[in-house]
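Once you scroll down, you'll see the structures, which are given as structure tokens.
In the two assemblies presented below, chain A is common to both, partnered first by chain B and then by chain C.
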Partner chain A sequence: MSDTDGRRWHDMGGMPAGPIPMEGHDFALWEKRVDALMVLCGNKGFLSVDGLRRALEDMGEDTFEKYSYYERWIASINQNLIEAGLYTLEELGTRMAEVQARGPTYGEANNG
Partner chain B sequence: MPHDHHDHDNLSPSGHPFRPDNDEPLTYWQTMEIALREILVEKGHLAQADITAQIDAMDARNPSHGAAVVARAWVDPDFKAQLLADASTASRDMGFDIGPMHLVAVANTDTIHNLIVCTLCSCYPRNLLGLPPDWYKTRAYRSRAVSEPRAVLREFGLNLPDTTTLRVHDSTADMRYIVLPARPAGTDDLSQGELAELVTRDSMIGVGLPRQP
Partner chain C sequence: MAEHVRIKAIYPPGHVRAPYYLRGKTGVIERDLGNFANPEQLAYRHKADPKPLYRVRFTMAEVWGDNAENPADTIDAEVYDHWLERV
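Up next is the complex of A and B:
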């Protein structure tokens, strides 16, 4: 999408696009947890909806095409929480390695 | 059923198609979600019970909540006036948790049809309808709902007469819309509860009409 008209990629209203894809899906537990984390962290004042959107919009168009909705959300939540000083990148990286070592599926990795 | 999908086979109790179990290979983003959540809980920023309770609260929200509001507006003119003046307060008065959201109800009539979209992201009256359907968040819907809404409605099977005025409302994070569909003809004898059964999710987004009795 051109930015010559001052429009950013997420400002999609009125742009040409194809048929509406009608298929849907039920939400997986991890997606519901991401949604809950956003609401709760918002209620606690750790991040705002504007903060969530700012990080989502800065990810750019490729991210929108490549990653799913809640994948983008957890990336944005994480960026906001690190900026808010709730934990460090090092703490996150260490914990992610521990989580990954627990098992090959979400269910196993969650049972730490 | 609160949801009205176009494929009625094989739907989960929430009205969405079933999704595979959580036994696929762990992804990078799932790993991040687990790690982030554990750190927040360990540091005392959140309690795991709060997360579970929030998921339960969100799971409990579904289009039947919006349908109850619509059906009351159909039978109670004073409530309808209140809803159109301040939908957040009117919905709260019925016991629904609207949060800080500014909710605006837009009424369909014989000559006016309303449609809601969020061109910038995915804002949706989630406190009354539950989480938005996937198509609501797609590039196609977000882009085209404001430029060729009649063509979009035809894809949902809704052919509006040319004489109907179509109004499209673009939501923001702080101000969200819900459509108050017109009460179907021939429903004079129905109770408020029976009327609510006619109100579909899609009719409150504006891509559909209520069921006929």
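Up next is the complex of A and C:
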């Protein structure tokens, strides 16, 4: 069923879902930073949990399979902050290139 | 006398707060929860109107039909007034 004539992909209540994974797991430092970013931006009024959910839902079903939880979150946070006018895409791209130039291990930390 | 309501069987392709599995199902108002800023407007950065929110109680028989394991059990859902039709 498509998104326009009935149940949207994320509206899963009552659908078969298999067993619930009960094991816990730790989070990477970047995932904790994404979580912190969401809380900070929410407290400052730059985004709402409703806007976060809307962007996550609009990503479509494939992203649910392709990306991890916090990968989807940072994409949604970015979408909302762009819409809020906090920065431009040109500014974002320039900053991403600067961060990328620091090297692949820059974002790692011990005991994170 | 319990007030009976039906969740509207409409399917707009946006951010909505009425779960699909309850659309078209009839329940009773369990309690009035007060007004809340409409999340369906907040989701798009729009100024949000205050909307009444209700806790609505459904029987499993109503929601799942013959598939209900315990038809007399109930499930509560919190649904905004603009998704409810009085029946």
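Heads up, the rule we're going with is that the second predicted complex is superposed on the first by the 100 of 112 C-alpha atoms of A that agree within 3 Å, B and C clash if a C-alpha of one lies under 4 Å from a C-alpha of the other, contacts with A are read in each partner's own complex, and residues count from 1 in each chain.
Definition applied: contacts are C-beta pairs under 8 Å (C-beta built on N, C-alpha and C of every residue); 3 or more make two chains touch, one makes a residue touch a chain.
It should be emphasised that the depicted structure is a prediction, and the values quoted were computed from it without experimental measurement.
Chemist: In the overlaid three-chain picture, which partner chain does A:G14 touch, first (chain B) or second (chain C), both, or neither?
Modeler: In the superposition, A:G14 contacts both chain B and chain C.
Chemist: Given the touch rule stated above, what does A:G6 touch, chain B (first), chain C (second), both, or neither?
Modeler: second
Chemist: Taking the superposition on A as described, I'd like to know which of chain B and chain C A:R53 touches: first, second, both or neither.
Modeler: both
Chemist: Which chain makes contact with more of the residues of chain A, chain B or else chain C?
Modeler: B
Chemist: Which chain A residues come up in both lists, the one for chain B and the one for chain C?
Modeler: On chain A, the overlap between the chain B and chain C contacts is residues 11, 13-14, 50, 53.
Chemist: Spell out the residues on chain C that touch chain A in their complex, using ranges where they run on.
Modeler: Per the stated touch rule, the residues are 11, 13-15, 19-22, 39-40, 42-45, 63-64.
Chemist: Please give the residue numbers of chain B that touch chain A in the complex, ascending.
Modeler: 5-7, 12, 14, 16-19, 22-27, 29-40, 43, 45-46, 50-51, 54-55, 58-59, 117, 119-122, 131, 133-135, 137-147, 152, 155-156, 170, 173-174
Chemist: Which bits of chain A are touching chain B when the two form their complex?
Modeler: Touching chain B: residues 10-30, 32-37, 39-41, 44, 46, 49-50, 53, 56, 64, 67, 69-71, 74-75, 77-78, 81, 86-87, 91-92, 95-96, 98-100, 103-110, 112 of chain A.
Chemist: Can you check the complex and tell me which residues of chain A touch chain C?
Modeler: Against chain C, the touching part of chain A is residues 3-8, 11, 13-14, 48, 50-51, 53-54, 57, 83-84.
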